[in-house]
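This structure is in structure tokens; I'll ask about it shortly.
Residue numbering begins at 1 within each chain, and the chains themselves are lettered A, B, C and D in the order written.
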Amino acid sequence: MNALKVALYILVFPGFVFQSLYSTFLEWMDRKVYARMQNRRGPMYTGWAGMLQPVADIFKLLSKEDIVPAQADRRAFAFMPILSLAAVITAGLYIPVWHLRSFNSFEGDLIVVAYLLTIPSFSLFLAGWFSVSPYSLIGATRVLTQLFAYEVPFFLAILTPAVIAGSWQISKVAVFPWTATGHWWVLPVELIAFVVAILTLQAKLERVPFDIPEAETEVVGGPLTEYSGKKLALFRLEKDILMYVGSALVACVFLGGFGALPPGLERSEIGVLGVLLGGYAPGVAGVLLGAVHLAVKTAFVVFLLSMLRAACARIRIDQIVRFSWRYLAPWSVVQFLVVLLFKAKGAM
Amino acid sequence: MPKAGVLVPELFRNLRSRPVTRFYPFEKAEVPEGFRGTPRFKAENCIGCKVCMRDCPSDAIHIEVQTLPPTEPAVEGQPAPKPKKKMTMVLYLDRCVHCARCAEVCPKDAIALDKEFEVAAFSRDSLRLVQE
Amino acid sequence: MTVTDYETDLKVLFPGSEVRRTQARTFWIGIERDALLDAVKTLRDKLGIRHLTTIVGEDMRDHFLLSYIVSGSVVVVLQVKVDREKPEVPTLALVTPGAAVYERELHDLLGIVPVGHPDLRRQVLPEDWPAGVYPLRKDAVLPKPAAEAEGGKPNA
Amino acid sequence: MPETIHLPIGPQHPFLKEPAKFDFDIQGEEIVGARMQMGYNHRGIEKVCEDRNYFQCLFILERICGICSHSHTTAFVQAVEKLLELEVPKRGLYLRTLVCELERLHSHLLWLGVAAHEVGFDTLFMYVWRDRELIMEILEEISGNRVNYAINTIGGVRRDLTEAQRKKILASIQPLLDRTAYYAGIGTNEPSFVARIRGVGRMSKERAIEKCAVGPFGRASGVDMDIRRDDPYGAYPELEFKVITSDECDIYGRVLVRVYEIVESCKMVKQILENLPEGDIAVKKVMRRVPAGAAVSRYEAPRGEDVHYVRGNGTEKPERVKVRAPTMANLEAATESVVGAMVADIPIAIASIDPCFSCTDRTTVALKDRKRGRRLTTWAELRRYGIDWYRKNRRISF
């Protein structure tokens, strides 16, 4: 019975099926918002207002001819999309979707998720490396260079709320502002870390202005230049799910949670803001509200990402390294110091 | 001096305004007066001077002049009636560049360009227009 | 300096050649092949006319005529006759690097060899174009496409 | 010393809107060597013109390029008019110049959009192209079609401008100026965009002169050259305008030059429409036979100096037509300016001259294995192979 439940968790909710569907919805939203900001219409015809377009795109790719370059390492070439997809789905299982505790939650899952989210970058690098084409090679080295640029600020940023909450568990970090020991105003304190997290998440997702590894006009498709058919479809699905997991992670740790409290924590008085931003409800209502709450938060983060995509030009690889180490990393450290100062004063 | 996010107000303005994209295959754009579309032939005006053939830059027009056999027998003593001529224009639309030179040089206005702009086809044969 | 001043100066600088003026500010000067480099340098140093607009190659049937269009405040067309049997000219690419592309084009289309050109690759013709066929020569026999397009107008 | 990799770009590549081939030697992200190869768009138009009469040539030459189609016909008809010694009526010249300037507006806006797209700034690209429709609609209104206007004829223009059209164009100039000012603000203020164009693709004034660079590319390096002022034609002697130059010598300068040229062009369009003389638009009777002789005609196309050289021989057909498009003069220089920059700068640096390979080339090429130096296949073989493959494997015949 228990095994069946776990299988359901992994395959259906909050696992593969839910993640695929919700992430394609997020992709649709991203495309629609991006298009409207550019005064275009975006996807129109598949489903209501083109809602099924991302699904259709993936099915189209699945039905396309699959070509493997003659010089590429066939097994590694085929393995990379599966590896990265598996990594992001696993990471997604730790996101507290309907509940403030995911079924496999444990003390330290924040670290696990953060590490699992670096695997797609590495597999993308290896995918480019095994393709053996100049464009893939350049793209692959760019993936790695960019990884070194954004990874440290990203970690520093998402660990800041954890330090405040004094826990490495996503659900506890999420619910901390509404517990008896926490306060809702820890959320504005984390503002710098939130901005850094959004920027680095954009870099992780390789979207404008940080779509350097896949810059179409420069290196065609970057590491994915030689990919086609099913393998490319898997990579695309991975990209979508990565967007969902990344945004959901940022939303959870920075924007507060909603749902049932994990054991060992007590609830504080919920004010107006608490009701708006998160809070607590028991039973089925808690489950539903929790899920809706997370969906809305995630969509908000994706909206910010779309806006960032629309407002900028792509920068160069040397510029992102400089930007990251000159601004993002120092500011995350400053945020850390601020938080430590608060903690030392006993304010939290 | 560079300022971050200069485009953001415009982004929000556009988010609220109506998109400018037209639903092309369903809503067609109006072409202006004097649009140069497909050359159309009026056989009754044509005198068979073939100036259009001479000046067509892409060699897309072919005018055939066919002399029809007289319908009435010639009457003794009177001048023979002028033989009637039948004009046919073969237009190779796959070659036509829509420059309207034919319409411009035609002395009798036997060629005029219509407003048809969706002239793509799957085979060249369907682009060979015989107009009488 | 007015256009007339240029005319006087050009007549002084090119005493052996006829300086013909047309179209308000264009001067046509016929010069010898070997005098070309000096002429370009003279124009550049004495009159400040240094922008090489283009080089036009023509097949005049008994000889080739190259027109070097050099411009500044006025346009000077230096016309050089080239022997059909020995189609060679000194290269300008070392004096005016911008001339390199035009000389490559001449070499492709007319078969005129700019002697001393640093990089004489093919410029416009395909790599499987037959050697020795120069399309802009009047006597060139051009390869016809092997197949006709189906349904199209028959080739005359 | 890192390993040098050979990076081929083209003939097909997302950043190339038309086929051309570039070979770069790169070490990591840095470019250490650059070569280019044109000819993928060579259509033999110069040869074709020898076999056509002057009016046919006119329309063939118009199809050299989709963006600067009016440039080529104007340069050509000017040369023929010189040979025929025709005096074009004032109104004809003004209308011709009007289309010239409208074409420059639409070309520069197009370029700004493409440049933004090359650095991934798609939002600016969409906005600019949306507002470019203003100009496209005006051109459509005047000439009938959007791309090849076919407005020129030997001895004048083919269509007159009605009073209603004149008013309509005048009304749409001000919104366009406002939008241009806004884009100038975005182009110089958005940090990510400025970071990509400032100091990139440098070309010194000396090198630009040596390489005979023309147009906005040369002017952005401080080469003060503009055919409209130096060798005036059309209605330009009677118009007031500034020649925009910049000493930035980089892509930033080229953006500035083009944006301010848009403003100048708007002013010129206004002047033309306000002072449009009455009268004929074309010479009534034009000789079909052009006397023997040669004429050079220079024209300031949106991309720079466009030159046509026409030699008549007393018949209806020209003896020789030579076209030198502005991209031809700039492309080598632009390729050179990339050396020392980074791979990411290639698209924007090449695009900064607004390359138009259709203009520059006027056939096809075999694939060649560079390492082993042997020919792999010709286009004809490749085409045959493709057809056979599909017939065999997909049962599709062509």
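Please note the rule applied: a contact is a pair of C-beta atoms (placed from the backbone, for glycine too) under 8 Å apart; a residue touches a chain by one contact, two chains touch by 3 or more.
Fair warning: this is a prediction, and the values are worked out from it, not measured in the lab.
When you check each chain against chain A and chain D, which touch both of them?
Output, common partners of chain A and chain D: B.
What's the chain with its C-alpha centre farthest out from chain A?
Chain centre farthest from chain A's centre: C.
Report which interface contains more C-beta contacts, comparing A-B against B-D.
Looking at contacts between chains, B-D has the larger number.
Going by C-alpha centres, which chain would you call the most central?
Central chain is D.
Rounded to the nearest whole Å, what is the centre-to-centre distance of chain A and chain B, using the mean of the C-alpha atoms as each centre?
Distance between chain centres: 56 Å.
What whole-Å value do you get for the distance between chain A and chain C if each is reduced to the mean of its CA atoms?
Chain centroid spacing, chain A to chain C, equals 62 Å.
Between chain B and chain D, tell me the centre distance in angstrom, where each centre is the average of that chain's C-alpha atoms.
Averaging C-alpha atoms per chain gives centres 28 Å apart.
If you average the Cα atoms of chain B and of chain C to get two centres, how far apart are those centres in Å?
Chain B and chain C have C-alpha centres separated by 40 Å.
In chain B, which residues are in touch with two or more of the other chains?
7, 11, 20
Going by the contact rule already set, what residues in chain D reach two or more other chains?
123-124, 127, 130, 190, 195
Among the residues of chain A, pick out those that touch two or more other chains and give their numbers.
Correct list: 37-40, 310-311.
Quick check on the complex: what are the chain C residues that touch chain D?
So the residues of chain C in touch with chain D come to 22-23, 25-26, 28, 50-54, 56-59, 67, 69, 71, 73, 75, 77, 96-102, 109, 121-129, 135-136, 142, 146.
Note which residues of chain B are touching chain D in the complex, please.
Of all residues in chain B, those touching chain D are 1-4, 6-7, 10-11, 20, 31-36, 54-58, 97-101, 104-105.
Chain D touches which residues of chain A in the complex?
On the chain A side, the touching residues are 37-40, 134-135, 137-138, 141-142, 208-209, 211-212, 215-220, 310-319.
Residues of chain D touching chain B in their complex?
Those residues of chain D that touch chain B are 52-53, 55-60, 62-63, 123-124, 127, 130, 133, 140-141, 143-145, 148, 150, 153, 158-159, 182, 185-186, 188-191, 194-195.
So in the complex, the part of chain A that touches chain B is made up of which residues?
33, 35-41, 307, 310-311
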